[in-house]
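Each of the next two complexes has subunit A plus one more chain, namely subunit B in the first and subunit C in the second.
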Partner chain A sequence: MSNDFQTWVNVAAYIGGGAAMGLGAIGAAIGEGYTAAYANSAISRSPNLSGEIFKSMLVGQAVAESASIFALVIAMVLLFTEFSSQSFLMIFVPLSAGLSIGFGAIGSGVGSGFPAGAACMGISRQPAMSAKLTTNMLIGSAVCQTPAIFALVTSFILLFTDFSSSPVSPTWAAILGAGLASGLGAIGSGLGGGLVAGASCDGIARQPKSATTVTNVMLLGQAVTQTTAIYGLLISFILMFKTFAPTDSIAAAMALLGAGLSIGIGAIGPGIGEGFTAQSAVSSIAKNQKATAEITRVMLVGQAVSESTGIYALVISLVLIFVI
Partner chain B sequence: MQELGKVHQLIISIFGHNMVFNLEAIAMTWIVFAILILFGFFASRKKSRLPGPLQAMGELFVSQLFALTEDALDKDLAKTYGPMITALFMFLLLSNWIGMIPYLEEPTKDLNTPLSLGLMGFVIAHYAGIKSKGFKTYAKAYFEPIFFMMPLNLIGELAKIVSISFRLFGNIMGGSIIILVVSYLTYSVILPPFLNAFFGLFVGGIQAFVFTMLTVVYISVQVK
Partner chain C sequence: MEEIREIQKKYCSRAMFTAIFGGLFLILADHVSIGKGLILGTIFSSINFVLMGETLPKRLLQNQRNKAVMFSLGSIFVRYLILALPLLLAIKMEQFNLISVICGIFMVQLMILGEQFAKFFLKLRGKTV
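Take a look at the complex of A and B:
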């Protein structure tokens, strides 16, 4: 049994590729299943619209699928690229890149299913609005994919950056931490953004007149929902591009891994929580368009408060990187 | 594939500090400026009651974005900030779309562009806040709900710059990397036009709008 260095790099690439596709398949499958379930229920309500609903379902599922296609692309790159074994760090790079997009695709995949399902139901309720509903669904689910795109950016930067001149000892932990920060951090925001988009499709179907306002507030709500995923991306960037002094201490390395875990896991809750806030705000605005300004302000303040735990996680990550 | 992440830089050393200029971003930004100025010139050259195509397009931009600003701010403030918001949106839209033309790249793909625009929005928002509420009321907001929350409020406020600029940067950068890598893997057969339509036209348009709207909302949160 060969036990040389290149073998271990390949081992890491294969495990990373497997993890990327395996984890990345979870979310899109759930989201697409959710869409199909609601499409069926919509067709049972108005069977004469089945063609329209079927089309909308397929379009929505295609967008939901793109999260797992990102994972597929990374998995392919990991499996078919020859990684150099110049540095010990190359064992961690493919692993971290795989984990980043793998985790990152979960939330966006599930989240994109919500607007697609709601749009199918909406078409059965308001066939005249089907074009507007499909557009709104596409916008909502495209914005939903943003956290997955952040995880993808981290994966690609990890794969194409040359780490061979960096000291092995703290950098291996920084690389793993960077992948986990973006990857885990994307889960909550992807899910939360989906909730908002789903509520907006539902709202437009109930109150067609409110369509423009609802779409605008949806975009705003989703954008704020993504904030914690962006903190994850920020920490990943710092971990990838800061040069760390070589050290023998395992504690210094673990501080960097801890920084990634802190913002990664800490971003999950605020992402979902802010999603709930914006979801309810969007559906309230659809019901009572006159109160738009008031509801939007309360939504923003509520989201800011819900985000404060994400900011605590960000502060701890920054302290772990720069102070300890 | 190897060209990924390569940036042409001009490094000038002044007083021991290295000033780094990203040449591509600067050149692309100037191209966007030039196109927008030409558009503005030709759109407003022959103003008529029956607008030509360019004038109609310009009017559409201005009226839609003014309406958006008026919704979030008051009528008076919209008059002050509307032109800035309109210009911001048009700049971002063209910046995000210009990458679809071969040999051109999105200036927003370079983190410096969104970061400076985010910083601009931040400064304008806080200036508007101080101007409308007075410095005392403005500063008091940082000490709520309790005085020792001040550092966290401050970080939360500064994090807004990070979030608004990284959102745009991440989306545009991610889109362009995906287009490049998938084009490479499929030898540029069939897929690239669809990817360009999705990531360039669609995501680019949405993100330009989101950035603009967030800037308006940051101003309105500070003012009210």
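Take a look at the complex of A and C:
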């Protein structure tokens, strides 16, 4: 019987490892491809600047690739670590860890491609702004990586926490819910942050004088897009660290899984929506710096409204955990 | 592609310098596996970055689309295999600490981002790097 149990733990680790790398590769591949596509257009526009464009593309792709390297790290840990089979819960831990980083890397990978592509195009338009564009691109890309880092942190906590003393039911659902909350919750924020960073690189290339203002508004816009990923992380932490009373009821377990799904799926839309708002605001500020205060105000109001659906998802998750 | 070589040289040498000094410090402080892990991860991070840059012109400047796709996929496949190697070593051998190997794998990215953030914040303070 113990052999059968260990087999199931291994099966879960292999599925988790496969999901981590398979899903995690999607975003970075799209992001890097997007960057290369724009680098091609930029070189065709200004062939004499190919060296500078290559340079920007290389560092941009290196950062965009980080999300999939996070996934690779977790996949390798899942595939080659011998997990103990002392508790039935160990079947869900590797599965959840793999899903967390797998989903979590998608948005950040794609998102990081947007500023890198825009920076390549920007250099072909304004070669003199190359250094500023690279700095802005890398700062924007780094912020895009934060949701993937949240997912990575969740995966590591899941893998290195000892759940053996927790009751099997409903903790199995809390473990799965935690991975899904953090992983799915990171998709929208990663993409949204990338849209803003891409627009800011484009804006700086078109209106070099607006660089400082555009970068500052980009950081503000990106900060708001990241909030829904933080909600996902928050629910994930509650699910991982709250002690749940043992129960045989499947409904109680499903409530915890539902909590993870609610914030995970619910965070995707607001993250992208807030990204659209800030993307447009950054582009508009680059065109008309004098209207910065007005545009920033409208941006924040628009983002707050878009955020409300994420807050509904958060409230439902909290109700599912603490009330039901 | 002198520009790419220059940028590779800059970031890889900074990464290796940081890892070797950090690693030596850790080894002297009796954290041998952490120090060795950091250096191991950084070596592979640098190899990955060099390969990424070396295959860049081949990926972009192909006349045939099939060849460009083949180079891109081959490059990704080989580089991921290379990055998997230190992780595998750290998981299987106690001489290398897994967490420090993971930190080492991101050393080039940390150097790139560190430089840009330093420039950005120093500029905000009205200084130049």
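Keep this in mind: the second predicted complex is superposed on the first by the 321 of 324 C-alpha atoms of A that agree within 3 Å, B and C clash if a C-alpha of one lies under 4 Å from a C-alpha of the other, contacts with A are read in each partner's own complex, and residues count from 1 in each chain.
Note that in this section contacts are C-beta pairs under 8 Å (C-beta built on N, C-alpha and C of every residue); 3 or more make two chains touch, one makes a residue touch a chain.
This structure is a prediction, so every number in the text was calculated from the model and none was measured.
Evaluate whether subunit B and subunit C can sit on subunit A together after superposition, giving fit or clash.
Aligned through their shared chain, the two binders clash on subunit A.
Which partner does A:Glu307 reach: the first (subunit B), the second (subunit C), both, or neither?
A:Glu307 contacts subunit B only, not subunit C.
Please work out whether A:Ala62 is in contact with subunit B alone, subunit C alone, both, or neither, and reply first, second, both or neither.
second
With both structures superposed, pick whichever of subunit B and subunit C touches the larger number of subunit A residues.
B
Thinking of the overlay built on chain A, is A:Glu52 touched by subunit B (first), by subunit C (second), by both, or by neither?
second
With the two complexes superposed on chain A, say which partner A:Leu233 touches: subunit B (first), subunit C (second), both, or neither.
first
Looking at A:Ala142, would you say it contacts subunit B, subunit C, both, or neither? Reply first, second, both or neither.
In the superposition, A:Ala142 touches subunit B and subunit C alike.
If we overlay the two complexes on their shared chain A, which of subunit B and subunit C does A:Ile157 touch? Say first, second, both or neither.
The first partner, subunit B, only.
Touch test for A:Ala39: subunit B only (first), subunit C only (second), both, or neither?
In the superposition, A:Ala39 contacts subunit C only.
Answer with first, second, both or neither: which of subunit B and subunit C does A:Met76 touch in the superposed model?
It touches subunit B and subunit C both.
Of the stretches 1-9, 37-45 or 55-63, which one of subunit C hits subunit B?
37-45
Following superposition on chain A, which residues of subunit A contact subunit B and also contact subunit C?
73, 76-77, 138-139, 142
How about subunit B: which of its residues touch subunit A in the complex?
4-5, 68, 71, 152, 155-156, 159, 162-163, 166-167, 170-171, 173-175, 177-178, 181-182, 185, 198, 202-203, 206, 209-210, 213-214, 217, 221, 224
Taking the complex as given, what residues does subunit A use to touch subunit B?
For this pair, the touching residues of subunit A are 70, 73, 76-77, 138-139, 142-143, 146, 149-150, 152-153, 156-157, 160-161, 216, 219-220, 223, 226-227, 230-231, 233-234, 292-293, 296-297, 300, 304, 307-308, 311-312, 314-315.
Mind pulling up the subunit C residues that touch subunit A in the complex?
Of all residues in subunit C, those touching subunit A are 1-4, 7-8, 11, 49, 52-53, 56-57, 59-60, 72, 76, 80, 83-84, 87-88, 91-92, 98, 102, 105-106, 108-109, 112-113, 116-117, 119-120.
Report the residues of subunit A in contact with subunit C in the complex, numbered from low to high.
Listed in rising order, the residues are 29, 36, 39-40, 43, 51-52, 54-55, 57-59, 61-63, 65-66, 69, 72-73, 76-77, 80-81, 134-135, 138-139, 142, 215.
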